[in-house]
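In what comes next, subunit A is part of two complexes: it sits with subunit B in the first one and with subunit C in the second one.
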Partner chain A sequence: MNFAFFEVFDVYLLEAVVNGILLGGVLALMALGLNLIFGVIDVVWICYAELIMIGMYGLYYAYAVYALPMWIAAPMCIALVAVLGLLLHYIVIRPLLDAAPINQLLATGGVLFFLQSFATVAFGIDFRNLGIRLPVLAIGEMHFSYARLLAFLAAVAGMVTIYLFMTRTYIGTAIRAIAQDRQIMVLMGVDSRRLYLVTSALGGALAGLAACLLVLQYDVHPFVGLSFGPITFMIVVLGGLGNFIGGFVASFVFAEIISLGGLYSDLEWGYVLAFAFFILMMFARPQGLLTRRS
Partner chain B sequence: MTAPLLAVRNLQVRYGDLIGVADVSFEVAPGSIVALLGSNGAGKTTTLNAIAGIVPASAGQIEFAGRAIAGEPAYAIVRKGLALSPEGWRLFVQQSVEKNLLLGATPVGDKARIQHQLQRVYAVFPRLAERRKQQAGTMSGGERQMLAVGRALMSEPKLLLLDEPSLGLAPAIIETMYETFLRLHKEGLTVLLAEQSVDLALEVASYAYVLQVGRSVLCGPARDLLNNPEVQRIYLGVG
Partner chain C sequence: MSLRMRGARTGQRLMGCLVAVLAVLYLALPAAAEPKIKIGVIFDLTGPLAGGGSELHHLGVKIMIDRFIKQGGVEGYQIEAIYADAQSKPDVAINEAVRLIEQEKVDMVLGFFSSAQCVPVAARVEQLKKFMWITTCISSAVLENRNLKYVFRPQPSGAQFGELSMDFIAQNAKEKFGKDPKDLRVAIIHEDGAYGVDVARGNESGAKKAGFNVVLKEGYSATAPDLSALITKLKRARPDVIFHTGYNPDITLFHRQARENGLKFSALIGQGAGYGVYAKLKEGLGKDVNYLFDVDPISIWNTNKQVLNPKLPPLIDMVGEEYQKAKPETTIRSAHVGMAASNTYVFFTEVLPRAIKKYGGIDADALRKAALDVDLPEGGTMLGFGVKFAGEDTPVAGQNLRAFPVITQYIDDNSYVVWPKSQAQREAVLPLPAGTTYSPK
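Right, the complex of A and B next:
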C-alpha cells in the first residue's frame, strides 16, 4: 500500500520535472529576447509580453481564420513581431535614448497599455485558440503533450540560432561588442543607431517565435501577456539584467519551481511559490543568481 | 608649405562645469610624427578624444584633410581615415584577438581588403597572429597595447592617434613598440602621439607641442625641445 503510493508519486514527480524543463525552454527564449534588448540598447521593454500577445493573435488569424498553412503563417508571425520591435524602437525608444531610465520605463509601460486596449478593441475579449489538438505522448505511466515538446524543441532551435548568429557573424560580434563598450564602438566606425535597429528586430523576432510556441498551448486574449510577462521579468532580473547565461539558468529554476509547486495542488500555486522565491532572492542576491557577492 | 593633415585651432572641451581643455592649437603635417606632451591632467586624452569625436568640442575648430570635422559623429570621422588607439586600450575583452581586429575594420567594408589589412597587421605584430584565437581580456599589457594599435590600423587610417602607448609597459616592450611606430611611419602613416615620457616621444617625433593645464604653451622641432630647459620646468610643475 505504502509502496504503491510512492511509485505513483515518483511518476508524477518525474513527469513534473520533465514538464518543468519543457516550460523552461520557452521561458528561456523569452528571457533571451528581453536580455538582448537590455544588454545592447540599455532599455527594458516593459511591453515585451504584449508584443508576444499581438504575435499570438497574428498566428491565430493567419492560421485559424485565414487558413494559411503553418509553414507560411509562423514565419509571417515572426516577421510581424520583428517589424513591431523595429517600430517600437524607432518611434518610442530612439527619441528617449538619452532620457532618464524611468522615462523609458514609463514610455514602454504606456505601450503595454496601448497594445492591451488596442487588442481589446480590435480582437474583442474572447479567448481564442488555433483549434489544433496535438496528441499526448505516453511513456510508461507518464504523459507529455506534443505541443509542449514541439515548443521546447523550437525554443532550443531559436536559441541555438541566436547563439550562432552572435558568435559567428560580424553583426552578432558587433552587437556583443556594443554591449561591452558603447563609447568605443563608434571608434570602430559603427553607427550604433543601426545596430540598435537590428537588435530590436531580433528581439521582436524572438518574441514572435515565442508567440507561435505559446499559442500552440494556450488561448490568446488581450490580457494574456499578464500571465507570462511578470515571470519573464523576474527571470531576467534574477539572472542579472543583460546576463544571457544567468537568464538561461534562472528560466529553468523558475520553470521547475512552477512545475513542481503545481504538483501539490494546481499550477497557480506553482506561480505563487515562484513569486515568493523571487522576493526572497531579491533579499539574498539582489545582483542576480550568478553574480558573486562582494 | 604643404597644407596640414590635421589642424586644431583654439579647441575647448568642457565636462559640465569643469574645463578639460581650455585653449589648444596645433597642426600635424602629412607624413610627420607629432608629439603632444604634458603631465597628468594636461589635457592630452581630452584633446585626442575630441579630435576622434568621442567627446564634443565646446569651442574651436578641428580640420582633417582640409575639412571641418568638429561636431561630426565619431563613426563618420574614423571613416574619413582618422583612427584613435584610446587611453586604457578599451578592448572588447570578452572577444578574441581576431574579432577585435575585424571590428576595427568596420569602415573598410570590402572583404578582400579587410583580409589584406589583417595580414598586414599580423606582419607588424606577429604576436597577435600567434594569439589570434585568444580572448583579448586574457592578454598581457604589452599584447593589449599591440592589439589596440592593430585594431586602429585595421581601419586603414591616414592619421593614427596614439594615446600614451607606453603607459604601464616594460622598457623593452616600449622600445619595440616605438620601433614599430617608426616603421609604420616609414610606410607612409602620419602619427599624432600623446605621451608623458618626454624623452621617448621626442626621440621619434619630428615636431612637438607641450600642453599645460589645458593650454598649448610651447612648440618646436623635437630636437630643439629636447634641450629646452622650459620643457623640464613645465614637467616638474615649477612656476
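Right, the complex of A and C next:
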C-alpha cells in the first residue's frame, strides 16, 4: 500500500501550517495600526516598527527594571506609544499634511533613524530580555507557543475592535467619512485635526499592543524594527494600503508562504517565495489583494 | 635720534624676532619630529552586531591600545587610535576604512568583527596598499586564494571552528552517545553570511571525515523574524547533535522557538559570535544555557598559565581588571574581550617594534615584512597558541597557521574548556542530562 499521500500530510506539515497562522497573527497585529493611519490620514508611518521598538523598551523597563506588575506595565506601554503616535502626528505629520507624499515618507523615514539612534544612546546596544518563559501548548507531537497564540488572539480581537469602533461609534463613522473625502468633511464642520489626533493615538496604541506581545517573543534592541518593518510594510501594500481586512488576509497569506516554503525548501526560500508573490501581485493586483473600498 | 641709534634699535628688534622665531621652532620641533603611528580601529558600535560581540572586541582592543599609549608608545613612536563605527553594515565598514585611510591618513587599520565586512574591506585596503590587522573575523573567504599582501589575521579560521567541533563529537561518539559515527545524526545550521557559511563548510568537511549522517544542513538570515519552519524541519530530521553558527539575537530566537516547538537533541555545539557572550545567552535563555558548548579561541582567563610566556599572566590580569571596570556587571568574562586584547598585543609587541627597528618604519611594506617574520611558539600569546603567518603565494597568505580554537562548555554559570584534551579543564557533559529542556529523555 502506498502511504506517500500520508507522508506528505504529516504532523510536521500541520505544525508548519499552524505556525504560519500564528506568525500571521503577529504580522497582522503590526499591519493593523499602519493600515489605520494610512486609511485615514493618507500617510505611511515608515517608522511604525520603531514605535513598536520604543514600546518594547517601555515594557522592559516598567516590568523588568522597575518591577511593576504586568497589568500596570502593559497599559502604561500602550499609553506611552499612543502618546508617541500623537506627538509624531503633531510635530512631524501635521505640518506636512498638504506636502507631496514623498516628503511625508522622507519625514517619517527620518523619524525612523532618529528613534534608532535615540534608543542606541538612551538604552545602549545590549539585547534586553523580559525573562518570561510562557508555557508551551503541546498537542501530541505538535508544540505551539503561548506567546504567539496570545499575539494571534490579540490581532483578531484588535481587528474586531477596530471594525466595531469604525462602524458602530460616532467618532469611528466620522473617521471613515473624513477618510473618504478630507475637503468636503471640513466644509461640513468636522474638526479634521481632532480626528487625525484620535487616529494617530489609536495607531500608536495598536503599536503599543504589538510591542507588549512581541517583547514576549523577541529580545529588545535598537534595531529590532529591521526584522519586521519591511515585511509589515509589504503586507500593508499587498492587502491594499488602508484596507484592514486586506491587510489581515495578506498577513496570513504571507506568513503561510514563509512557513510552508521554509518547510519544503530552505528557510531562505520561504522568504524568497513570499517576496516573489508580492512582486507578482503588484503586477496582477496593484491595488492590493482586496481592493480598497473608498 | 642718530642713524646709529636707529640702526642699533632695528638690530635689537631683528634679534628679538629671530630669538622668538627660534623659540617657537624649538618648541615646535620636538612635536613635529616625534614619530607617531595612527591606527584606524573599526568595529560595530551600533546595530545588531554591536551587542552580538563586536562591542566587546572593541573594548579588548581599546584596553590594549590604551596600555601602550600609557607606556609612552612603541620604539619611540607615539600611538594615536581613531575609532570608527561600522554600524553592522558592510558598506559602512568599507566607507569608514577608506575615510580613515584617505582623510584621517591612518597608517593602518585594525579590528573588524563581521566576516561579511572583512571580505570586502580587505580587498579595498589591499588596493590602497595599507596594512590591515584583523583581530576578530574568522571567515576563510577573507584570505583564501586571494594572495593578499598586506592583510594579516592572528585568529583561527572559520573552517577550523567547524572541523574542531566535528572532531570533538566524532571522538566522543562511541563513549558518550553509544553510537558509531556513521549512526550519529547531525544537523548543521548557520546564519547565511560569510561567517556562518565558512564555519558550516568546515562542519561539512569534518562530518565527511568522521562519517556522520548529516540529516540537515541549512542557512538562514540572521535578521529573520521567524525560525519555526527550520525548527519543524529539525524535529522531523531528529538530529542527535546540532552544530549552530549564529550571531545574536538569532541565537536566542532559535533557542526560544526550539523550546516552544518541542525540539529535542542530545547536544548543541555553538560556534563563536553570539555563543561567546555568556551574559546575553543567560539573560535570553535562562537555565537552558546550561550544557551548551561554544567554539572560540580560548578565553584568556582559562588558559593554562604554566605553559604561557611568563610575561603574559600579569597582562591577562590587567585586561581582566580593565574589563571589570568598564563592565562591572559582568559575571563570566566573555572570551571576546581577551581575544581582541591578545591579538592587538601581538601586533604591538611583535610586528610594530620589528617594523620600526628592522625595516625602518611603519609603512605597509615594513609592517608586512615584520608580520611575516613573527615566529611565536605555542604559549607565546595569551590565547595559548603561537603565531606564524602563511607567506605570500600560499593559498591562505596572511593567515596565522598556529592558531586554534577550543571548545568550552557552560556549566552552572561557569565556563570550562573541554576540548582538545591537551587544554581541557574538565570532561564534557555529554549528552544533555535527562530532564533538561532539550533532552530527549
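One rule holds for everything that comes next: the second predicted complex is superposed on the first by the 272 of 294 C-alpha atoms of A that agree within 3 Å, B and C clash if a C-alpha of one lies under 4 Å from a C-alpha of the other, contacts with A are read in each partner's own complex, and residues count from 1 in each chain.
Everything that follows uses one rule, which is that contacts are C-beta pairs under 8 Å (C-beta built on N, C-alpha and C of every residue); 3 or more make two chains touch, one makes a residue touch a chain.
Here the structure is a predicted model, which means the values were calculated and not measured.
Touch check for A:Leu29: first (subunit B), second (subunit C), both, or neither?
In the superposition, A:Leu29 contacts neither subunit B nor subunit C.
Once chain A of both complexes is superposed, is A:Leu226 in touch with subunit B (first), subunit C (second), both, or neither?
Only subunit C is touched by A:Leu226; subunit B is not.
Determine, under the contact definition given at the top, whether A:Leu187 touches first (subunit B), second (subunit C), both, or neither.
first
Answer with first, second, both or neither: which of subunit B and subunit C does A:Ile257 touch in the superposed model?
After superposing on A, A:Ile257 lies clear of both subunit B and subunit C.
Quick check on the superposed pair: does A:Asn129 touch subunit B, subunit C, both, or neither? Answer first, second, both or neither.
So A:Asn129 only meets subunit C here.
In the superposed arrangement, does A:Ser145 touch subunit B (first), subunit C (second), both or neither?
Once the two structures are laid over each other on A, A:Ser145 reaches subunit C alone.
Which partner, once the models are overlaid, touches more of subunit A's residues, subunit C or subunit B?
On the superposition, C touches more of the residues of subunit A.
Quick check on the complex: what are the subunit A residues that touch subunit C?
Touch residues, subunit A against subunit C: 10, 12, 15-16, 19, 23, 26, 117, 120, 125-129, 131, 133, 136, 138, 141-148, 217-219, 221-224, 226-228, 231, 258-263, 266-268, 270-271.
Considering only the defined contacts, which subunit A positions touch subunit B in the complex?
170, 173-174, 176-177, 180-181, 183-192
Spell out the part of subunit C that touches subunit A in their complex, as residue ranges.
Contacts found on subunit C: 45-48, 50-52, 55, 88, 192, 218-221, 223-230, 232-233, 235-236, 248-249, 252-253, 256-257, 259-262, 280, 283-284, 286.
Quick check on the complex: what are the subunit B residues that touch subunit A?
52-54, 73-75, 78-79, 83-84, 86, 90, 92-95, 99, 102-104, 106-107, 151, 155
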